[in-house]
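My structure is below; once you've seen it, I'll send some questions.
To keep things simple, chains are lettered A, B, C, D, E and F as they appear, and every chain counts its residues starting from 1.
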Amino acid sequence: MYTVGVRDHFMIAHSLSGEVFGPAQRLHGATFVVDVEFRRAELDTAGIVLDIGLASQAVHEVLAGLNYRNLDNESELAGRNSTTEVLARFIFDRLAAKIRAGQLGSGALGLQSLCVTLNESHVPWASFDAALESTR
Amino acid sequence: MYTVGVRDHFMIAHSLSGEVFGPAQRLHGATFVVDVEFRRAELDTAGIVLDIGLASQAVHEVLAGLNYRNLDNESELAGRNSTTEVLARFIFDRLAAKIRAGQLGSGALGLQSLCVTLNESHVPWASFDAALESTR
Amino acid sequence: MYTVGVRDHFMIAHSLSGEVFGPAQRLHGATFVVDVEFRRAELDTAGIVLDIGLASQAVHEVLAGLNYRNLDNESELAGRNSTTEVLARFIFDRLAAKIRAGQLGSGALGLQSLCVTLNESHVPWASFDAALESTR
Amino acid sequence: MYTVGVRDHFMIAHSLSGEVFGPAQRLHGATFVVDVEFRRAELDTAGIVLDIGLASQAVHEVLAGLNYRNLDNESELAGRNSTTEVLARFIFDRLAAKIRAGQLGSGALGLQSLCVTLNESHVPWASFDAALESTR
Amino acid sequence: MYTVGVRDHFMIAHSLSGEVFGPAQRLHGATFVVDVEFRRAELDTAGIVLDIGLASQAVHEVLAGLNYRNLDNESELAGRNSTTEVLARFIFDRLAAKIRAGQLGSGALGLQSLCVTLNESHVPWASFDAALESTR
Amino acid sequence: MYTVGVRDHFMIAHSLSGEVFGPAQRLHGATFVVDVEFRRAELDTAGIVLDIGLASQAVHEVLAGLNYRNLDNESELAGRNSTTEVLARFIFDRLAAKIRAGQLGSGALGLQSLCVTLNESHVPWASFDAALESTR
């Protein structure tokens, strides 16, 4: 299996509902350094997994929809806790939709799986990793 | 699959038996920066893999049992080489027991797999990764 | 010159006033991974710059006063933009006060300078570095 | 599954053919920081995945065949784009051959899979990961 | 002293003249991950060292003049070895000129010093650090 | 000022004397990832601070004298606590002696200062930084 990964980041405010979150129930915020991995069994004729320029742009666009916002007010996340895990899945779904829509190029249609990891600081992180077909 | 990871560390003295270890047969030591990944197919109702506070505490307790010790004298490791691989498995088994005992919360009973990675320096590392059921 | 450094982090929400901040004028947030360096010309009789346990605890206490908060509502920062630079200085001043109050041990009274660095993501960072006497 | 990883690097010049590469069609270069992971289900009697000394040496030898070269002139890569993905596979194949030839020790004959990751900068990376039997 | 730092990178081919460079006398290449630090004694009224948006853009423009090139053919470096040290100074001088020309904003005219660090891999790096007045 | 830095590491056992060290009074160990910075005002005619090959070798030789040892038994450190700070100074002094002896090449005789940093884990570190003349 071949993997190509790119790194980007976004910065948000949010609060989390539930006693399990302790002081994170208060309005606070986070920088998420995001690693996205694109995977495919075979390379295309150019010798690549996908066009990394298009991939980086797609990741940047998805993160731009979250960046510099208070996620408590974002309608797309309404009724959900914007935990690191939920955000990893949210970004995965947005990227999977862009891949299916051909925005990462025709080569990206051959991708088999995707992994989105959000690093919250030098200590914890969370990711969502799935086959692309399973999410269609 | 969702993953949550946490980082901690411990510092030990030890020696390794066998010609393959060369100068590491002498009494020396290491800092191990430990990354533990907890994995689960679905999130709980709070939108998390598990209570990261309980998870971090459990990792810290397991490492505290090794930290600032000479592993050559630890009865739990008697008769075994405390290689990075063996220590990764040792920590995995201790964490799996705590998960089964409910110390990481009832949500953690739904975990499917665990990966324990020990980073020895900026160059080498070792890990043990397994399904939790396979180790019960 | 001897230096001892420790790393910790905190997570906050805030907004920044001024056109120069662009989209960061909106309420958003950040994780700041904080590196604090303590410097001294000579070591004490134990062979250390200062008691790293007390130093780590003091850093943690200062960050706890900011952690999981919306800095727009913190009276201590009222009327000031909580930029990365301003926060580095704020933490420096709090630590300098603790050093003078003897909370980092008597050895820490011999410290000559302090540097507080806040890493905002994998890309930008800011720090404040000064002699301790100059801030008394 | 047990994993042992080692890190090394090499520095090359090359150019890439195809409009998808934009300015990377020009002769330029890269440092690749290489992470190689060796995986095995059970440890040997010494408690290790393989002899890490032999493993590090084998990785270094494979990279030495590429290091400080213009890959456009290397006959082994003739007719192929030396993309990060292609280089990850190239290094994988060279290492797999050394494993089969016994150069990483008899213990390494029990390895089940190998992953070669090339980090191109602080932003992108690529890897090739496969079972060893599947490449024989 | 306040510091603001930003990270970017560029990828080049080059060769180095002189026996001291051993195999690096051959045409090869490098990724340089570049950290630029801007320093100033006092913050401006917005609470910043300088406009980090303008600073990042200026760094990116300077690196774009080197990126994806064979430095052996660049007239600006003609007759000089493009060592990591020389490149750090080259980038410093280009940035200092942009600062003096006001391209980083009027606030940047108050900068006192600049440090440009080039990380060549996970092992070596080089930097040039100087007061801005000393280079005018 | 120009700086060139190199990274290496060593692994030791030791114990520390004094209540301030708490559980680190027991025999334990550490990996120290070592960053050495060599500084000089002007480059030599080859455009370098010093021969990085000789510098890396000198660092490696100094660390080899400590690597895979129990520092409690090393006569060179007898009567001293082998704290991270003391080890940074010890390595500084050994390197300064090698520089003066010409082992890093004649160019290294022009070095003005040296900084030795020991990273103990992902959290703490210590360094010793001094002008070379001041230690002669």
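Everything below uses one rule, namely that a residue touches a chain if its C-beta (ideal position, glycine included) is under 8 Å from a C-beta of that chain, and two chains touch if they have at least 3 such contacts.
Just so you know, these numbers come straight off a predicted model, no measurement behind them.
Novice: Check B-F against C-F and say which one is joined by more contacting C-beta pairs.
Specialist: B-F
Novice: Looking at C-alpha means, what's the farthest chain from chain F?
Specialist: A
Novice: For the sequence-identical pair chain B and chain C, determine the rotation angle of the Cα superposition and round it to the nearest 5 degrees.
Specialist: Rotation angle between the two copies comes out at 180 degrees.
Novice: For chain D and chain E, let me know how many angstrom lie between their CA-based centres, rounded off.
Specialist: Result: the chain centres lie 31 Å from each other.
Novice: Can you check how far apart chain C and chain E are, centre to centre, with Cα atoms defining each centre and the answer in Å?
Specialist: Result: the chain centres lie 27 Å from each other.
Novice: Indicate the residues of chain B shared as contacts by at least two other chains.
Specialist: Chain B, residues with two or more chain partners: 7, 122-123.
Novice: Have a look at which chains touch which and call the overall pattern line, ring, star, complete or other.
Specialist: other
Novice: Chain pairs that touch, all of them, please.
Specialist: Inter-chain contacts occur between A-B, A-C, A-D, B-D, B-F, C-E, C-F, D-E, E-F.
Novice: Name, in rising order, each residue of chain D that touches chain E in their complex.
Specialist: Listed in rising order, the residues are 7, 9, 11-14, 23-24, 26-33, 67-70, 120-123.
Novice: For chain E, which residues are in contact with chain C within the complex?
Specialist: 1-7, 43, 46-49, 51-53, 56
Novice: Show me the residue ranges of chain E that touch chain F in the complex, using the header's touch definition.
Specialist: It is residues 17-18, 20-22, 80-86, 88-89, 117, 122-130 of chain E that touch chain F.
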